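First comes the structure, then the notes that go with it.
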Amino acid sequence: MEYKFPPFLTTVLTNLLKRKSTRPYPYQKRAPYPEVRGILKNQVEKCIFCGSCSLKCPANCIEINKQEGTWQYKPYLCILCGNCEAACPVKCLTHTTDFPLPCLEKKEILLKGTPPKRKQDKK
Amino acid sequence: MPKTIIPFGPQHPVLPEPLHFSLTVEDEIVQEAIPGFGYVHRGLEKLCEIKDIHKMIQVVERVCGICSKIHALCYCEGIEQMMGVEVPPRAKYLRTIWSELHRMHSHLLWLGLFADSFGFESLFYHFWRIREKILDINEKTAGNRIIVSVNILGGVKRDLSTEDQKWILAELKEIENKLEEVKDTLFKDYTISKRTKGKGILSAEEALYLGAVGPVLRASGVAQDCRQLQYAAFSELDFEPVIAQEGDSFARMQVRYFELFQSIDLIRQALSKIPEGPISVKVKGYPEGENVFRVEQPRGEVFYYFKANGSKFLDRLRIRTPTFANVPALAKMLTGIELADVPVVILSIDPCISCTER
Amino acid sequence: MPMFLKLFLFLLSPFAIGVILGIDRKLTAYLQSRIGPPIFQPFYDLFKLLGKESKTSDYWLSFCAYVYLCGAITCAFLFFLQADLLLIFFVQAVGSIFLVLGAFSVSSPFSQIGGQRELFQIIAYEPLLIAVIVGIYLVTGSFEISSIYKLNYPLLAKLPLLFLILTFALTIKLRKSPFDISASHHAHQEIVRGVFTEYSGSYLAIVELAHWFELVFILGLISLFWANSFFMSTILVFLTYFLEIIVDNITSRLTWRFMLKNAWSVGIILALINLIWLYKG
Amino acid sequence: MDIYILTLLSIPLLAALLVYIVPFSKAKYIPILALITTSIISIKIFNLNNFDSQLNLKFNYSHLITVLDFILLLFFIKKGWENKDKPILFFNISSLLLLLFLELKIDNSPNFLINIDNISQIMLLFVNIISLFIFIHAIPYMQKHREHFSLKTTSNNNFFCILLLFVAGMNGLIITNHLLHFYFFFEITTLCSYLLIGHDRTQEAVANSLLALRLNSLGGLFFLIGSTGLYFIFPSVDILKIVQKAPVNSLFLLFLAYICLAGMVKSAQLPFQKWLLGAMVAPTPTSALLHSSTMVKAGIYLLLRFSPLFANTFFSTTLALCGGFTFLATALLAIGQDNAKKVLAYSTISNLGLIIACIGINTPASITAALILTFFHAFNKALLFLCIGTIEQKIASRNLEDMRNLYTLMPLTAIITVFGAIAMILPPFGMLLGKWMAIESSAQNILLVLMLALGSAVTVLYWARWAGLFMGYKLREKIKLESQSLLTRIPLLILLLAVFLLPAYSPWLYQEKIYPFILTYSHIWKNNLYLLLGGSFQNSFGSFPLFPLFSLAILGFFIAHYFLLKAKRKPLEIPYFSGLSIDKSSFGYVNPLGQRVIPKTSNYYLLQVIENSKLALWIDRLSLIFILLFLGGGLR
Amino acid sequence: MKFIKRLLLTGIKKSPWLLHFDCGSCNGCDIETLAVLTPVYDAERFGVINVGNPKHADIFLVTGTVNRKNQEILNNLYLQIPEPKVILAVGTCALSGGIFAEAPNVIGGVDKIIPVDIYIPGCPPKPEAILEGVLKSVELLEDKVKNGKI
């Protein structure tokens, strides 16, 4: 086995001369990829409170009250898997491309919409 | 002769994960290493009783974040096999591509941590810089950097567009070049050889006897690779297991390094052969009976056992992970080495405690 | 040099070292293709540590930290007074020994092992430093630093191998790869941070400050190798330091057994060769 | 003057007799009184400045000494016969024959020759004073020792009697100027050491005492060979006359080499080191008195006496190399020891090697170094031995690892020991002053200076480790001062003070005693004498600002102590155990198996390297080569 | 005096040292935390060093769920960090247990055991998010100093 004397030297020296690979994050923000699953948003006006999202959520972070028309979401439980988005029949649930920001306390999100009138209610 | 007892872990800067070794050393030579586990144990196998088979995908993805995709792959293929679901060929290829990407990111991550274990900080950084490219591919194609969540029962969630495929190939080319660049460093640097050669030797017999798997086994000269079991699209791809003979930490590094090129090659093959078509089929009903499924993870063979009763919950899910299989070998390798080599040898099996303890 | 100038330089020296360490971190970052901390980072770290709560796991720690500081300051001070090199070297040992004693006084195995390793480092570099000092004596005929400034040629011309040995000792003292064995400045290590494990808050600051003063001596020793020109001695120090950084970044950490073996074989043989040249020449 | 000398010799002898007769409970303080007297006399002698160093006493014990000499040798022969020890028999019978021959040759049996010069003054001072403190310490020690081992066969009377005899012998050795009387006193120390090592009459003790007798008999034989040779070339038994007047030729140097060899055996230099290590089975006061602070200095004293004779010879250089090699090799061997007394023993041998190296360098600076080292080493070692004695009785172990965290158990003794150890290696204390001088003066000899450099680093290793070992303490225990008899504590404290304060006095010692001594041989020891300027030693190569350093050290100590007190106001925290759960009730952590683990650490003894017989073998071989070189050096 | 106080304040602002503890995470968050320290994100720009020793740390970064075995360790480490300190919970697991919240051996989020100052959601959070969290914790540290912790 022959040794080469410092094989990493060239790498290190090129690093010194070339542009640094650091992304200067807070000063320059990279545009997110379009497919990224970021914060979960519900356009609650469209929501029909069908409950599919709640049913499919592996972390159980969505609760729906069909009567009251509330859509309750615990972001601190959500694992951003995208199951709910895929399950939503009216596509009112979307992941934005922005990642959730750090915060000082855990807050739930409670959205209130108008639940669709049930058939028997109409009668 | 009085001895020094070192509580190595659970919180220790060279161990990325909580794991305890009670090391008894004498003049810094390890006399005895007693492992202690349980710091990451969550009991997630039991979650199968309250989360249905679809939700369990997300759970098994989080057995370990490093090769999450491959866990999900194993789980899905296992269930699909039980239910007799035929996955569309394009989905099979896509699964192969993502799982190979995961293997690469895992190996690169490991090479970095391994470099850190013998105090080569800039090499560590170098590998992690290369790795970022793969994470970018993940993020762009699957929506998340690490836990990609692309598998579903019956196929995959996302497709790769032609541009994406081209971009992946271009990125792979670049990664390949960058990897070639550090080849000399890994294999010809005096200090690295000094710290890795002959450390933690495991002969082929011992490796088989102690049940080692994956690169640990292959580095001892046993050509065993579960991808030859031909799950996903591996039956249509052409590859040979990478092996090395010495069975020491250096050999394990060698195996993992060359597996990176193997993965690049596999992804290229897959991309060239990928058929058009749907990416998933609808899965109806629930499985019944028992099944086992094995796939090759970056760390070796993972083994899933399913017991289903026809309801939407599984009766029992049991996961035997590669690190679990490698721990006896590790305990053997740790005795008689220097304290300074303990991190090197521990890392040489690429331990993943998260999956060992689940 | 007038007395007040010496005093002034002495007072300035820790700032210079702080800046040098800052440049070190910046350069290291550049070599790793990242941007790195600001140049004054070492000072920020120091101030922060001074302001933090210090958790003592043993009262001796505080005693040892301050003796270390006093020893290191004395050592730097004597250097600026251009005193006897061997004496300065022995004073320097006070600091290092007390650092080790501090590490030993805590029952944490990490700090204890760090102490043991530090001792092995001491026995690796001490003989080498003495050899360097003896080499200087053989050239100048005196152990006093002032005599070196009277030479009209650089010491480096006569002591090339001993200079090499000195850089070996410098690597150990700087706690840089491949010899960041008992405690490394930032990298991770199997013994956490070795001798520094149990120093926290202001004690860590004191120890760090003492380390700066120690570097004054070691870098000063390097500057002596081109003492007849201020400009060249500065260049020499920076060049050597730059090489140290490069070496730090292209090697992995070795073990103390390796270090000891090589210091005592290669190091001593090189020293012997150089000393014999001097003796015959 | 005469009366002083008479008392120096007779008071200890008388006391010895008294102790032998009177029951111990009553005789306890007799030795102390005797030693206080001799100490006062030695101080008096020390303070004398202008006196006739050579005295010819009116009384003449010469014949008595001759007779006693023969009795002594016969006694050794008897012991050799009883124990069927061929070497002892051979060495002593040869000695007997040589002595007989020599006594017959020296027809005009001279008077009782005395020479008290500056070095004798220094030696007398520390031998007597240190003995006094060791005796004080020995009283409670021996009482306990007897209880501890329930020794029936030996008595403490016996023990003190021999110790007193030893002090008398040592005093005689220092003041005599007669070659054969010197031999007699030399043999007295052999006798005492033989008896004291075997004091406990255990199997090991007996074996080791025989080993000591064997090697020291060899030393005696060397001495006689040397003196016979010298007498043939320069027929005189007056040591001073020999040193000043004898013609130095190669044959003469060869015989001188034999005499030096005798000194080296007594100082347990390699390869004759074994007896001193074996001697550590003896009760600790014995080790302290005989084998560290005083008796081994007899060998040094002998070499020092003759050193002007061989200045600037190749022989002297080889002597220096021998010493340097011993310094390095035994320091290395000390790393592998976990027996505290053995570490001390190796360290003694090592330091004596350093002193011999200084004598071998044979320049004014190095002779100064040798004297300074001799002086401070005696105090420092006495202190450390007494400390170990005290500790050993408390914890019933000599193993260093058992002394870990000793601070918890006996804070005062632990701190004293730590400071004793620190004083061995760090400036501005006496040992380091000596080492500094030694290295500076040896810088011309590359091989030697490298050996000294390596050796001094290794020395630092084992002392620092030792000091560190004691410092730790177990967290949640309240620490209270240990109770010990005043007779134990006072010597410790006084010796500690001596170790700490005497270095400050070293400029004066140098100015008053060492400098004049060197000046007496100014034709040989010419240039580069140290001068004192403002409390700093200076010569043309370097300077050691002792007073400024001392003041800085004191300042530093107080600063650090202030912060120590400040830190003590806060409660202690638990050390870092990788986050493992802390057992609140006591010190330590609970491991994953649920067992409580008290953190354990041990030193690195490098056993694979150091204890391996290969290294020992190599050291022995090399030392033999050095000895041969050294004898050859005489011939050149 | 005021000047010294200013110096200390600058110090605390510019030199947050990090202790990372993997408290039963799936490694996803850990590797992202490590990624923050590597060149591409280079947290050392803000003086961050991953010290690996609680006695030297200012920021305690915890990833993963708390289980019955590691809760004590988490608490011990928390106690060993000298004041002023900030606790960062990284990832859904550390926030609440996330997907494992119902698992048999999981107690829940980190805040069940020790007080958490900043929560970083995500599974795993992106390195940028972790970096944001670190920057936020620096402000918190500064506040703690100003509010007379020292």
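The letters A, B, C, D and E name the chains in turn, as written, and every chain counts its residues from 1.
Just so we're on the same page, a residue touches a chain if its C-beta (ideal position, glycine included) is under 8 Å from a C-beta of that chain, and two chains touch if they have at least 3 such contacts.
Predicted model only: the values in this text are computed from it and were never measured.
J.: Determine the set of chains touching subunit A that also touch subunit D.
T.: B, C, E
J.: Out of every possible chain pairing, name the one holding the most C-beta contact pairs.
T.: Chain pair with the maximum contact count: C-D.
J.: Could you name the chain whose CA centroid falls nearest to the centroid of all protein CA atoms?
T.: That would be chain C.
J.: Would you identify the chain whose Cα-based centre sits farthest away from the centre of subunit D?
T.: A
J.: Can you compute the centre-to-centre distance for subunit B and subunit D, using the mean CA position of each chain? Integer Å is fine.
T.: About 65 Å, centre to centre.
J.: Could you grab the centroid distance between subunit C and subunit D? Build each centroid from C-alpha atoms only and quote it in angstrom.
T.: So the centroids are 35 Å from each other.
J.: Would you kindly tell me how far, in whole Å, the mean C-alpha position of subunit B lies from that of subunit A?
T.: 26
J.: Mind checking the centre-to-centre distance between subunit C and subunit E? Centres are C-alpha means, answer in whole Å.
T.: 33
J.: Identify all positions of subunit B at which a residue touches two or more other chains, and write them in rising order.
T.: In subunit B, residues 4-5, 7-8, 10-14, 28, 38, 58-59, 62, 122-123, 125-126, 129, 132, 147, 189 touch at least two other chains, as defined above.
J.: Spell out, as numbers or ranges, the residues of subunit A touching 2 or more other chains.
T.: 6-8, 12, 20-22, 24, 58-59, 79-81
J.: If a residue has to touch 2 or more other chains to count, which residues of subunit D qualify?
T.: 573-574, 576-580, 599-601, 604
J.: Which chains are in touch, pair by pair?
T.: Applying the touch rule to all chain pairs gives A-B, A-C, A-E, B-C, B-D, B-E, C-D, C-E, D-E.
J.: Over in the complex, which subunit D residues touch subunit B? Could you list them?
T.: 338, 401, 577-580, 589, 591-593, 597, 599-602, 604-608
J.: Which positions of subunit B touch subunit C when the two form their complex?
T.: Result: residues 4-8, 12-14, 28, 115-116, 118-123, 125-126, 129, 189, 191-192, 194-195, 338-343 of subunit B touch subunit C.
J.: Please name which positions on subunit C make contact with subunit A in the complex.
T.: 27, 30-35, 246-247, 249-251
J.: Going by the contact rule at the top, pick out the subunit B residues touching subunit A in the complex.
T.: Within the complex, subunit B touches subunit A at residues 51, 54-59, 62, 122-123, 126, 129, 132, 139-144, 147, 149, 157-158, 181-182, 184-185, 188-190, 193.
J.: Touching residues of subunit C toward subunit B in the complex: what are they?
T.: 28, 31-34, 109-110, 112-113, 177-178, 180-181, 184, 186-192, 249-258
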